[in-house]
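I've put the structures underneath this note.
Here come two complexes built around chain A, the first alongside chain B, the second alongside chain C.
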Partner chain A sequence: MRTELCWPEFEVLRDPVRCVNCKVCVRECANEVHRWDEKTGRVTADESKCVNCQRCVATCPTRALAIAPTRNRLREGAGWQPGLLRQIYRQAETGGVLLSSMGSPAPLPSYWDRLLINASQVTNPSIDPLREPMETRTFLGRRDAPLCRDENGRLVPQKVPGLELETPILFAAMSYGAISYNAHAALAKAAKRLGTFYNTGEGGLHEDFYAYGENTIVQVASGRFGVHPRYLNAGAAVEIKIGQGAKPGIGGHLPGKKITADVARTRMIPPGSDAISPAPHHDIYSIEDLRQLVDSLKEATGGTRPIIVKVAAVHNIAAIASGIARSGADIIAIDGFSGGTGAAPVRIRDNVGIPIELALAAVDQRLRDEQIRGRVSLVVSGSIRSSADVVKAIALGADAVSIGTAALVAMGCHLCRSCHRGLCNWGIASQRPDLVARLDIDQAADRLYNLVTAWTHEIQEMMGGMGINSIDALRGNRLMLRGIGLSETELRVLGVQHAGE
Partner chain B sequence: MLKREGQVRIPAGCAISGIFSRSGAPVNGGRIVQSIAAMHDRSNGLGGGFAGYGIYPGYKDYFAMHVFFDDQTARRDCEEFLQRHFDIVNLSRIPTRKVKSIRDEPLIWRYFVQPLHHKLADCQLDEAEYVSRCVMRINSTVKGAYVFSSGKNMGVFKAVGYPEDVGEFYRLEEYEGYCWTAHGRYPTNTPGWWGGAHPFALLDYSVVHNGEISSYDANRRWVEMFGYRCSLLTDTEVIAYIFDYLLRRLGLTLEEAAAIVAAPFWDTISRMPEEERERMICLRRKFSSLLITGPFSILLGFEGGLMALNDRLKLRSLVAAEAGDTFYVASEECAIRTIQPQLNRVWAPRGGEPVIVRLNEGVQV
Partner chain C sequence: MQIQAPGRTGPQLNQLMEQTGEGRACLQDVCGQRYLAAGRAGFSLDIYGTPGNALGAWLDGCTIRVHGNAQDAVGDTMNSGSIRIEGMAGDAVGYAMRGGEIFVRDSAGYRCGVHMKASDRTQPLLVIGGTAGSFLGEYLAGGSILVLGIGAENRVPVGNFCGRGMYGGRIILRTRHLPPDLSSRLTVRTPRPEETGQLRQWVGRYCRMFELPPLEVQPEDFQIIEPDSANPCQRLYAGI
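Right, the complex of A and B next:
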């Protein structure tokens, strides 16, 4: 007799009256939860395989299905929650590191929810975005180049490497391999339509997407997957990835089963082999090494592309950012500890790094204190969930934000946190052709376009309410924020006053 | 206890007025008082002030420091500082007369000074930068002392009260200058501190402003990177620093500075001829954090000229007019008509379009 210490987390609730045994759920579930039982002539479920991705619920033509948390309860104990016990059982069984995907589900504080936005009343007018121009165009790049003039004193504009965004929202780095060809195609198309950028992640750039180069940020990570001169020059900017909010301090691991022939060609590695990115770049062991890589990439691109350095938000982030700003980078991307990922060790994801709100506030202030805020632009990510978060991030001091999780959700992701298994039923985080085919590229691109357009409208409404008609005047405008329920220390770090003050 | 400027940010509505004589013909201070008085209802008695240019021809090569002191200790401390850094060629109380509605006046002194040569040489700064740093030092470190005017051949006169009473208090009819600006204040608080009244001035630049800018903290945090300390938390202060930074420190033209603080919309820029478009893109990108949004009408006084500028949506009233060689500008036309009923031209400057007037060529003041 086999004893299962781990109990199923979910229950599949099937309404027998509604179910017509059409077997759509059987076909749709790559996890093989639903099965057709010939003997009984009924659809049954193996709940132990369910990750609650909601695919069966969404595709059931008679709405006969629902997934619920299990009613099974362990004996109560505040310090030893059932989730912890489950993890111990699994580790005791396998001796392995626990893996998960996407952002941390732990109830960690969200400072966005503790910040409130201002609006005009009487003393100055709010501005109606339906009647007046409301500018969200954002430039990312250095702003400290000296002005040049000709002999008549006329200004001679210099070309500064940079990115121009129609709205201060980029798509975060997600590699081809971690996500599917179709998901990448949708991101590229949407970025082009929106006048913004998507990011290759460390998976290289598929041949088909060179056409979207003007809206592409190409990444150079520690594994150097898919990096070659044509790749570097294919994008509008080059990003050096040092770290990621979901897993600061460690590298990446794309399992061999996700390395299909196409992914392998793009990454320039053998098919089926694990793609392992080392924890550090093996040519960067200090800040002066970073400078050399920045310079090399500038040289490889003829100095025409801005260089982004992406780091995870860690304790000493202000000093780190200051070092990066002085290393020749044009843009610093900071990813907070709630950021998503295609796969990360659970312990790292839930315990390493700091919230992006605090990191951003500290970095922006430090760069100003050192009089070098104009030398770099700041892009932040890791828990940007709505247009309000964007407004708060920019008011704290960011130039723009990146969205990863929100973009995936727009395409249909239901945050089941199982990307690392490669069986994404939504065709987003899988390489299995039948699953990938489920994601309609044009539809997904439309949904991404709609999401960012909707957010931009909301940002404009909030700006108008504050009497601000350009995103430039919102950036670093911390008087437009007030904290609620925050300690003196939190307010000090955020550089905002408490509500009512 | 109510907080005063510097401890809290106080929004304010206002009236502004300006007169500029292109020929350099002296304009009596009484005229600007009469003009601003016409807009009595736009102030609430909590602040009024004036800036006059060309008013100290006898000391035109000296920096004129106007200083408020809370008490004699503050005066002694401040004078010690001034003596360490400047050659003081003249010092006196600024003449005032008793006006019923003006109370609790601080000690108000005036010093005509030159930077000490050896100090100036030692610190490797130009004269203007030296003086501006000294002013910031006094205002932030000498308790109870506040330098509210520090330019050459110009001076600021301000107080808590209605502007016409402030003009009478300072005996402005005894001064003559080629340019005057005035401000009547309508703050939404009762700070009762004279330093918080306007104009705000640094060196030759003086700003009077009507509005409440929504970009304040973005502007403040940017300009503070360059050594400015916004100690008053008022719009006028940060606007003055922005212009000082752009015009004096970076050497931009007035037109360029105006195109930065009241930048044309991207839409407008896209329709410009290529060369101009590229220049505008360059300025907007580089100085994006100095864009001022929200309602404002500004009069920027400087040596030999005056600039009037509205926010790019024209959310505050501003009327300009001309009669002969004299230029007038005010929040309301009545403030101009009351002192000059016959005008050659009256117009409302468009949002974001600077109106710049200067002394005619060759005019010495």
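Right, the complex of A and C next:
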């Protein structure tokens, strides 16, 4: 007799009156939860395989299905929650490092939710964005180029590499391999329509997407997958990825089973072999070395592309950002503790790094104190869930934000945190052709476009409410924020006053 | 065309080379200029003196000959082309190179050939005539690293941690002294007959290129180090 220590986490609730045994759920579930039972002539379920991705619920034509947390309860104990026991059983069984996906579900405080936005009353009247111009256009890149004049004293325009965005929202770096061809295609199309950028992540650039180069940020990470001069010059900017919020300090592994022929061609590696991005860049051991990589990328791109350096938010982020700003990078991207990922060791994801709100406030303040804030733009990511988060991030000092999880959710992701299995029923985080085909590129691109357009309207509404008509006037404007229920230390780090003050 | 390097930066020299339009250039008195030929394709370059870091980084098809020593990060992420160094090279030679070849006549520093990889169309080759420092071929994913160990016949020709974390490609050492700290995930064997033919060709080219006396290639003098799996992460994780 086999004893299964790990119990199913979910229950499949099938309403027998509504279910017509049409077998759609059997076809839609790549995890093989739903099965057709020949003997009884009915659809049945193996709940142990369920990840609660909600695909069956969404596709059931008679709304006969619901997924619920299991009623099965372990004996209560505050320190030893059932999830922990499950993880120990799993590790005792396999000896493996626990692996999961997407952002941390750990119940750490969200500082966005503890910050409140100001609005004008009586004096400095608010502005109605439906009637008056409201500028959300954003420029990323260094802003401290010295003024040059010709012999007649006329200004000579300086060409500084930079990015121009219609709205201060970019799509975060997600590689082809981690997400599907169709998901990449949708991001590229939406970025073009929105006048913003998507990011290749460390997966190379598929031949079909060179056409979207003007709206593409190409990434160079430690594995250097798919990196060659044409790739570097295909995008509007080059991003050096040092770290990522979901897994600071470690590299990335794309398992061989996700390296299909097309992914392999794009990454320029053999199909089926793992793709390992080592934790460090082996040519970067100091800020001077980083400067060398920045300069060598500038040299390989003729100095025409801004260079972004992406790091995870960690304890000494302010000093790190100061170093990066001095390395010649044009843009610093900081990814916070809650950032998503296609796969990360659970212990790292849930325990390493700091919230982006605190990192952003600390970095902006440090760069101002050192009078080098104008040398770089700041792009933050890792838990930007709504337009209000965007407004708060910009008021805390960001120039723009990147959204990864929110973009995936817009395309249909239900955050089941199982990307690492490669069986995404929504066709987003899978390479299996039948699953990828489920994601309609044009529909997904429309949904991304709608999301960012809606957020932009909301940002304009909030700016208008504050009596601000340009995103530039909101940037670093911490007087527009108040903290609620925060300690003195938290308020000091965030650089905001408490509500009522 | 002859270009005098003193007083010019690497990027300025690159521009001058491109402006010649001749497809070939000769740099004189180079002293530490960085990023020479970085990201460039399609010309032939002779360098006299000592080029600085990141020589031929992102290289995509040039032929570079250094009549002297080179510094760090030669051929970083190079895609194709050929670099030969008539002397020593610093650290991180051929980091992440995917295609083309680098020949170093003498010894090279730490972290050479880290994360070199092959693609369906390219197989990179790094040949080091003397010895190599620690971390040689760490994370190696494809291609070949050949260390001839000339002048170090009686000792291990590489430093510590050779081939750690490698999951593709091969490191070939001309030695009878294996590194004592080789990972248990690596296998070691002598060349098969068809590989010996390939080795004779590479060694022959090396000797002719640097005008050295021919070196005899006996299979028992060479050790081929390979990984035992192309999927090292499979064993590491337990999904939840």
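Just so we're on the same page, the second predicted complex is superposed on the first by the 501 of 501 C-alpha atoms of A that agree within 3 Å, B and C clash if a C-alpha of one lies under 4 Å from a C-alpha of the other, contacts with A are read in each partner's own complex, and residues count from 1 in each chain.
Definition applied: contacts are C-beta pairs under 8 Å (C-beta built on N, C-alpha and C of every residue); 3 or more make two chains touch, one makes a residue touch a chain.
Because the structure is predicted, anything quoted here is derived from the model rather than measured.
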item: When chain B and chain C are modelled together on chain A, clash or fit; value: fit
item: Touched partner set for A:457, first chain B, second chain C, both or neither; value: neither
item: Touched partner set for A:478, first chain B, second chain C, both or neither; value: first
item: Which superposed partner A:90 touches (first chain B, second chain C, both, neither); value: second
item: First, second, both or neither for A:291, with chain B first and chain C second; value: neither
item: Residues of chain A touched, compared between chain B and chain C (which is higher); value: C
item: Chain B versus chain C as contact partner of A:420, first or second or both or neither; value: second
item: Touching partner for A:326 - first (chain B), second (chain C), both, neither; value: neither
item: Gap in Å between nearest CA atoms once chain C and chain B share a frame through chain A; value: 26
item: Residues of chain A that lie at the interface with chain B and also at the interface with chain C; value: none
item: In the complex with chain C, residue positions of chain A that touch it; value: 86-87, 90-91, 93-100, 220, 222-224, 227-230, 232, 253, 255-256, 264-265, 268-270, 272-276, 278, 282-283, 292, 295-297, 299-301, 303, 345-346, 418, 420-421
item: Contacting residues of chain B [partner chain A, same complex]; value: 9, 11-13, 188, 211-219, 221-222, 224-226, 250, 252-253, 256, 263, 265-267, 278-279, 281-289, 291-295, 312-313, 315
item: Residues of chain A touching chain B in the complex; value: 120, 123-125, 127, 132-133, 135, 137, 139, 141, 143, 145, 147, 153, 155, 157-158, 160, 162, 368, 371, 373-374, 466-470, 472-480
item: Complex contacts: residues of chain C adjacent to chain A; value: 10-11, 14, 34-35, 38-41, 53-54, 57-58, 60, 72-73, 76-77, 79, 92, 95-96, 98, 111, 114-115, 117-120, 122, 135, 138-139, 141-142, 165, 167-168, 230-240
